[in-house]
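Pasting the structures here.
In the two complexes below, subunit A is the common chain; its partner is subunit B in one and subunit C in the other.
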Partner chain A sequence: MEPIVLAPPAPGKVEDLKRRFFATPLQALVSLICLAIMVFLAWKLLDWAIFSAVFTVTGGPEACQAAAGACWSVIAARWRIILFGLYPFEEQWRSALACVTVVVMTVLSCIPAFWTGRRIALVWGAGAALFYGLMKGGVLGLPYVGEEAWGGLALTLFIFVTTCLIGFPLAICLALLRRSELPWISRTTGLIIDGVRSLPLISILFTFAIVLPFALPQWLVGDKLYRVIVGSALFFSAYQAEIVRGGMQGVPAGQEEAAMALGMSYWQRIGRIVLPQAMRNALPATINQFVISFKETSLVVIVGFFEILASGNAAYGTGEWRFAYVEVYAFIAFIYFIFVFSLSRYGAFLERRMAVGER
Partner chain B sequence: MVSLLRNQKVRNALLQLLYVGSLAALVLAGFVIARRNLAEQGISSGFDFLYKSTGWDVNFSLLPATANDPYWWFFLIGIINTLFLGTVGLILATIVGTIVGLARTSSNELAQLLGRTYVDIFRNIPLILQVFFWYALITHLPAPRAAHEAWGFLLTSRGLYVPIPNVGGVAMALAMLAVIAAMALPIWLGRTSRLSQPVGQRSAIQLAGAAVALVGAILVLMIGRLPDAPLLDFPALQGLNLRGGLRIPPEFSALAIAIAIYGGSYIAEIVRGGFKAVGKGQMEAALSLGLSPWRVFTLVRLPLALRAMLPILANQYVWLMKATTMGIAVGFTDFFMIVALAINHSGQTLEAIGILMAGFLAINLSLAAIFNRINKAIALKGNQLRG
Partner chain C sequence: MSTNKSNGPAVRIENVDKHYGTFQALRKVNLSVERGERIVVCGPSGSGKSTMIRCINRLEQHNGGKITVLGTELNDDVANIDGIRREVGMVFQHFNLFPHMTVLENLTIAPMIVRKVARAEAEVTARRYLDKVRIPEQAMKFPGQLSGGQQQRVAIARALCMQPQIMLFDEPTSALDPEMISEVLDVMVTLASEGMTMICVTHEMGFARKVADRVVFMDAGEIVEEAPPEEFFTASRNERTRQFLSQVPGH
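Our next item is the complex of A and B:
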């Protein structure tokens, strides 16, 4: 005989709303205030961004300035500058394609099937090479475009990708050196990591862009872009090294001892036992670090690069569009938001997914 | 020789020597090359330049500054500007973060939604973009002649003008101290064991303490008041310019607003995490003891949440201090911008970079020391520590 279970009576829609939002007078007051704020902000925003906004270029800046709402014409007129910077006009499809490459690469590396060291290295290596080839040209009949002409979103993505590509292996090296049993090695590495972490990123970028040429022999100076990338990779790796180290501390000591008992060499132990488990522990924090470092690529504007923020400044800074700065910044903020928000949502999803296994 | 290399100890020593030695050699080589390159440009190394006058000016300073002042004085101004902006940003961000974080942990779903939207939007836009945005917004405000005016405050493209009391500098500082005492005294009176009243029944004494301090502040202001001037100095238009009042330059306000909003979204998450870490049983126990909801909050929930969030908050504050270096993007003369200017004008690259590193190291270490002390003071002690 199955016991008969009676479900509690389902509350009606009105009772449910009442219980959730108007349980006590105070709750009702808070609900009403919040609702009022939300409706007011949403209405203002929609009115500004859509209902009273101007979308076409035909009227020119004057008609646009007279409108009560947003002037999206500035984006329609200047989107190429914002996205591609000073890249030659006829070749801008290459820049767009390069950006798509980065997006595809990022999406691929979010799929668990690619989470082996070799596959992830392959995806990022091939992606970066494709990006570089597309942007720089000089091969397969593509005209050559030097780094000084790169700009906009493509430059932002290039700095981000190369920072991660150099920074990640460097971070693992630093983490391994820091947990070395030899006191001088671990202490010196700790000093480097903590020193870099205590400095603001801007000062490191500034040092690498402007000061370092004095301290390097002529043949090593190279392009400013690559020096800045090295600086930003160093900064990234100092933070990421601590994350990797945290992940390694989460691996039970028995794992490494068992590997040792099996007679595995140091590199086998690290590569096959410790690192895979450590990376799993460190994954949520790693994604968070990627998110932060993507946002921080915007700082290169200070050492004079024409990335998306600088090209946005240029898009409204000259002549007739001077008044339309809000729209330009909103557009750039929206681009950053799409990248950063989806990455951080993905990180939150991963964290939940991993928590399931540990319950 | 080969047998010596087989010896583990010798090998370890050699390995360490190689690692540290090559790093040191790298740094030393860079240093030597830089000195030679700079010498070729006629720049002598050494810290003598600290005593030369700069020949350029800063646009924001809490201390008197002219172009005749020496470099060390400018570096000091930079550090004070950084600390000032950092402290203002830190306080504002904490206020914003606490409000948004409380909204996110509240039982009201609409408030939660509002808080989450705020965090999602402002956390995902780079700080420097927000700095640029606020700076553009403020500098596009109307010129002084057409300023927005409200209660004696003036909003113009040259900054925010606020009325200030016509009071001498010393009296002002003393009054500030008295106001801080008025806030700190009740807290101390509530906790000290030197009073005979039991803790929890001291509200009258606490009120009296605060009142005495506040009255003291007002008295000091009255005494220190400048002769034959109105109590408040209002900004007003004179010709094409504004006179009187205190001007808060657009660079400073843009940075402070951006840091408050961006940092606030991070602190909101820390606050939320702190409150989530408080065990439900603790609150239920407090409620079952018959404490009112307000006292449950102030006596149980808040202290426990604070203890959970303080270490993370300390990291966030250190980060906020470093974020003041964005000042260079809009031309606020913080420590980093002064160093950059000094390098441009004097060419003393290595020395200035060394000063920059030492300065930030000192700021970070002292912040960390302060928070460690606070952390120790509120951490679980002795037999409170039970598993």
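Our next item is the complex of A and C:
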């Protein structure tokens, strides 16, 4: 029989490292080799990205090609194309302000103090008007810029935000319809959701951008950008509807019964009792869906929109900077990272906040 | 509501049937409850007692017969049903408090959005009922932070905040730890003494003896026996009732 041993007192940091990585000579050797590889890789990366890199534009592409490290001068020379795409050069400050508008209104609507119907409506109403006025112009002496010239980060943000803005309410509607007690409603909705989910996003975008104009009456066609957004919102809502429905299934039937017994109407029960709890259940999957949708905006390039990734391609693809594509992609990856990472952290904040009432 | 002033019994159940697929949960049930009357419904599990009281506020729909509550017949008319539900409070076995709201919000939400009472007024009423169920200090907590007995008292207060004319209790103490049962029953006894019309499905025979005007015994979807408590416990006429009573402690 093994003797019962009391746990030793917790070791110090150095003791702990020693025990985990240098317990035996072989383990120590493996640890050292791994450490050496990591240091080597980190050094190479830093050397490339910073120490041997070229940051100034003055030398032009030639100075870059001579250097051993990264060529950040391509960003310095081309950042406007990456961020604003084909938007007219003199008007690009409008596109920049529009991006700031989207970020500000998103941040504002993420703050719990703004979670009343009136405040949210105010933020989004004012934000949308401001964004639209800035981007499209034609008012207050701003020259008109058509949607076909929109591009870069502003376009990426616009497509993402409008997709979510249309897709999310649509998803809730679909989820509620699928829960309907009338079989023909729930089955039809199920068929629509499953149908849309079975199609690749690219084919939906293609259909909405290219095929739909032949099928729709002229007054309903609208600009290609809005058709694409509707298509991507439909795709978003099909997935999100199932996430919301899953969240609703996690709400005990007794909750709705209690609300009924208090005389609440259907919409009061859904809006005040079922959905708030369902969304809490569905939050991790919902954040996931938002992150995926943000990255999927890059697919609109196939129907001819220059969102940020396509603009990046254009930024290095014009000859003199052709060699510097890694730097451009690293820059774009960094921008994606900022947005997606903030989204994830916000999701974590919401989870902590909503956990208050749990236990 | 116009039914407030109407005469006649609070609840009248006539020849009511209820099916779940091929299973018949209620068979030609007849029961009339006068205003201010306190009824205790008991019976073995699966006998249809919960189904019956859930039909009274239409959480279940009856398939045959007629149910009239406060002079209004229950049918498919949604406005009717919502009107009835405003006047009929219900307390559930598993409390069913709203976990995402504080105790105070649980108590004020229905008066505010259903009865359109102003927030300040709803909160005054809510605090009065929290006093009454003896947990005024828990108003800002979430249901998950309370004990079972406290949660059930909040649930009673929540129903009372709607100022109902009838209260339905569906096994309110069955999910509680033994030491918490009495604190809930005490509240119910107080409520009974104030003249509330009450229909309680419960196995607490001590409670039945103390407050019930009539005890109703159900088995296999039928009302088998109906009698004042003294008579019910000492001189039940039916074999099934006697058998049931011999298995239930506390009478």
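Just so we're on the same page, the second predicted complex is superposed on the first by the 307 of 359 C-alpha atoms of A that agree within 3 Å, B and C clash if a C-alpha of one lies under 4 Å from a C-alpha of the other, contacts with A are read in each partner's own complex, and residues count from 1 in each chain.
Keep in mind that, in the parts below, a residue touches a chain if its C-beta (ideal position, glycine included) is under 8 Å from a C-beta of that chain, and two chains touch if they have at least 3 such contacts.
No experiment lies behind these values; they were computed from the predicted model shown.
*Asks:* Classify the contacts of A:Ala113 with the two partner chains as first (subunit B alone), second (subunit C alone), both, or neither.
*Replies:* neither
*Asks:* Give one of first, second, both or neither to describe whether A:Ser265 is in contact with subunit B, with subunit C, with both, or with none.
*Replies:* A:Ser265: touches subunit C, not subunit B.
*Asks:* In the overlay, answer first, second, both or neither for which of subunit B and subunit C A:Glu296 touches.
*Replies:* first
*Asks:* Of subunit B and subunit C, which one touches more of subunit A's residues?
*Replies:* Result: the larger residue contact count on subunit A belongs to B.
*Asks:* Please work out whether A:Ile273 is in contact with subunit B alone, subunit C alone, both, or neither, and reply first, second, both or neither.
*Replies:* Touch status of A:Ile273: second partner only.
*Asks:* Have a look at where A:Glu257 lands relative to subunit B and subunit C in the superposition and call it first, second, both or neither.
*Replies:* In the superposed model, A:Glu257 contacts subunit C only, not subunit B.
*Asks:* Using the touch definition from the top, list the residues of subunit A that touch subunit B in their complex.
*Replies:* These residues of subunit A touch subunit B: 20-21, 27, 30-31, 34-35, 37-38, 177, 182-185, 188, 192, 195, 198-203, 206-207, 210-211, 214-217, 295-296, 298-299, 301-302, 309, 313, 323, 325-326, 329, 332-333, 336-337, 340-341, 344.
*Asks:* Could you please specify the touching residues of subunit C with respect to subunit A in the complex?
*Replies:* 57, 59, 82-83, 85-86, 88-90, 92, 94, 96-102, 109-110, 113-114, 142-145, 155, 158-159, 162
*Asks:* What residues on subunit B touch subunit A, complex-wise?
*Replies:* 12, 15-17, 19-20, 23, 30-31, 33-34, 37-38, 106-111, 113-114, 120-121, 123-129, 132-133, 136-137, 140, 322-323, 325-326, 328-329, 336, 339-340, 343, 349-350, 353, 356-357, 360-361, 364-365
*Asks:* Which of the residues in subunit A come into contact with subunit C in the complex?
*Replies:* 252, 254-255, 257-265, 268, 272-273, 276-277, 280, 354, 356-359
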